[in-house]
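Order as written gives the chain letters A, B, C and D; numbering starts at 1 within each chain.
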């Protein structure tokens, strides 16, 4: 995509900015639509109607929310630590946005084709942790500080099962490049990794149960990494007001929201790249049949978005199904259940991939 | 001289090293001393990688840098555990006040 | 000056300025957060040295691990809620003279030595090369470091653990 | 008590299975509710039918009001204020719907509905049943002054006019009285003298 813009404009800076704009717009749209969907899904699951005032089905509620957030007064407590308080939301948003640089939205739409893509995505999330700690500490509010400490402890704990599952997938695929991982799962949906990957060898059928286990582990641990219910103790409303962003309002709060939904979308896309073929269509492309090249990219883009939205929907679905975990239950789940299963899964997948 | 070459990377590393030493020497708080040590380790890493890039030694420099990072993480974990223990015993972590071995 | 040089000066500036603040500000928390930018700048320098894997490891381990550990260390060893966490510095003048001399010596060595530069073609990725090296030439060190990490984990946990009443 | 390995493993696997299974059960239940129609009522469009005898906004049928002030006296929060002016004999104020003759001009009948506590105590003493509670419950306002309801049929000028009329009438009456008194007083000293004179 960079090459395309470079050919178009011939300027390094303009084409870099253009490439960076695509994920930025994606994150903004995802946040806008995600806030609306969150409210709608929660309403439907509680037999309510949800926002329905603005536009059909209240779809423009998100625009109204956004406008409201933009024009809100930026009330800052006099006791906050000025510099860090202002940097923190930017850092959190930058961390979640940086992950989008390597996500392939289609075979041609990708910010950067780095070879260490998968690893880079895990690394980018560490900026989020630092930003959360910064925001929690600089707010000078004990609820914020508690929330940020909980959040940091939770994120770095759950990074381990995530990394173990990613490791097992990398071992199987032999690459960290997200585009290559997606390309390997091309064809129909039984080539997806959750169904054992391409080919019809014996190992494909042996892999399926362990792939499912891996998928469940990574889904749970990424859910915890983005602080969603049932793992939302960092921002538990009933205990900590709003956790690390209690003291924030206006657009700074909006940055935290953007980062949260951006993270949700990023981990959904990560899961779909690893297990559900990334941007690959489950049935084949209309563009290939008709011989129109750009239609393939468009289809891939839509399939990828559909998969991402499906996982976001599952996250919301879980939110309204499960109550919040206690801190000890959270750590028990991570260290006593997910990590042992992930290690065993890693070993077994390693053995199978040797076959 | 503005064309970036090996010397520039080495200079950055040298300045970083000196800053790290300065931090280790002047700071009283044990955690701050640790931060100085991290700076020194980073500057060493820049050197390793710069030589591996500009010299013809293959990629051993990067491997050593990787090992240094691993060692740094182990060192940080142990050192912070010790600092925590010191804090429990002395109720402060100023390195110049913790100067007795017993009692 | 091409883009490579501009990026180098940018990252070098980020690294050195934030490192300067790390060692001079009196607030421990500020130091820790400036350390974040130092690590980020160093990672950028690694990228410019065509060490993509090391750069990502740098961010993952330093920012995601060590920095968070340091912050937890700061927050657990200071009563942050009611006492301001400033810290004293000692021997400022002798230290600055000594490190100034040290810096002058080291920088002049770096600057005036006639390095034998044989730049090779920068690879697109060092991933495969590093992986191969780790499991062939350096496999013993690799295994030992794994063991060392395990020992460090257990040791840190047992040192920091509260004694049973 | 130390559990042995097999038992521990069994419990561990059972916990795992329970965890996954119960989550799936919960997810099935919430998924069913995803398609359950909403039970909430869309308030501005659809309204719940109010029961009879609801107590909401007060209304005064000023045509029937005789200005007896009983409602104002019954009000526990003093939200009703009534001023009246007596009519002068020539004026016909009409009669109320239940046949009572009105004798007072009601120059002011203000209800501060912001103060009203909806107790309905003002309704019972009214002899003509002209004050009652309606079922209107949506009467929020942007200005607090708009919640002061003025029911008097007379505007300020008319009320002032009535007052002036009454005062004039009163003054006339006073004058008449004074004249009559004067007329009566004038012969008075003579009265005892008259018989004596006569």
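The definition used in the following text is that contacts are C-beta pairs under 8 Å (C-beta built on N, C-alpha and C of every residue); 3 or more make two chains touch, one makes a residue touch a chain.
Everything numeric in this text was worked out from a predicted model, so none of it was measured.
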Distance in whole angstrom between the CA centres of subunit A and subunit C is 28
Approximately how many whole Å separate the CA-defined centres of subunit B and subunit D? 79
With chain centres taken as the means of their Cα atoms, state the distance from subunit C to subunit D in Å. 75
Once you find the CA centre of subunit A and the CA centre of subunit B, what distance in Å lies between them? 33
Using the touch definition from the top, which residues of subunit C touch two or more other chains? 53, 57, 65, 72
Could you list the positions in subunit A whose residues touch two or more of the other chains? none
Name the graph shape formed by the protein chains and their touching pairs; answer line, ring, star, complete or other. line
Chain pairs in touch? A-C, A-D, B-C
Can you tell me which positions in subunit C touch subunit B when the two form their complex? 1, 4-5, 8-9, 12, 15-16, 19-20, 22-23, 28, 31-32, 35, 38-39, 42, 45-46, 48-51, 53-54, 57-58, 61-62, 65-66, 69-70, 72-74, 76-77, 87-92, 95-96, 98-100, 102-103, 106-107, 109-111, 115-120, 122, 126, 129-130, 133-134, 137-138, 141, 145, 148-149, 152-153, 155-157, 159-160
Which stretch or stretches of subunit B touch subunit C in the complex? 2-23, 25-32, 34-36, 38-39, 42, 45-46, 49-50, 52-56, 58-60, 62-63, 65-67, 69-78, 80-85, 87, 93-94, 96
How about subunit D: which of its residues touch subunit A in the complex? 15-16, 19-20, 23, 26-27, 29-31, 33-40, 42
Looking at the complex, which residues from subunit C come into contact with subunit A? 3, 29-30, 33, 36, 52-53, 56-57, 59-60, 63-65, 67-68, 71-72, 75, 80-81, 124-125, 127
Mind listing the subunit A positions that touch subunit C in their complex? 12, 84, 87, 114-116, 119-120, 122-127, 129-130, 133-134, 137, 142, 145, 149, 152, 156, 159, 176
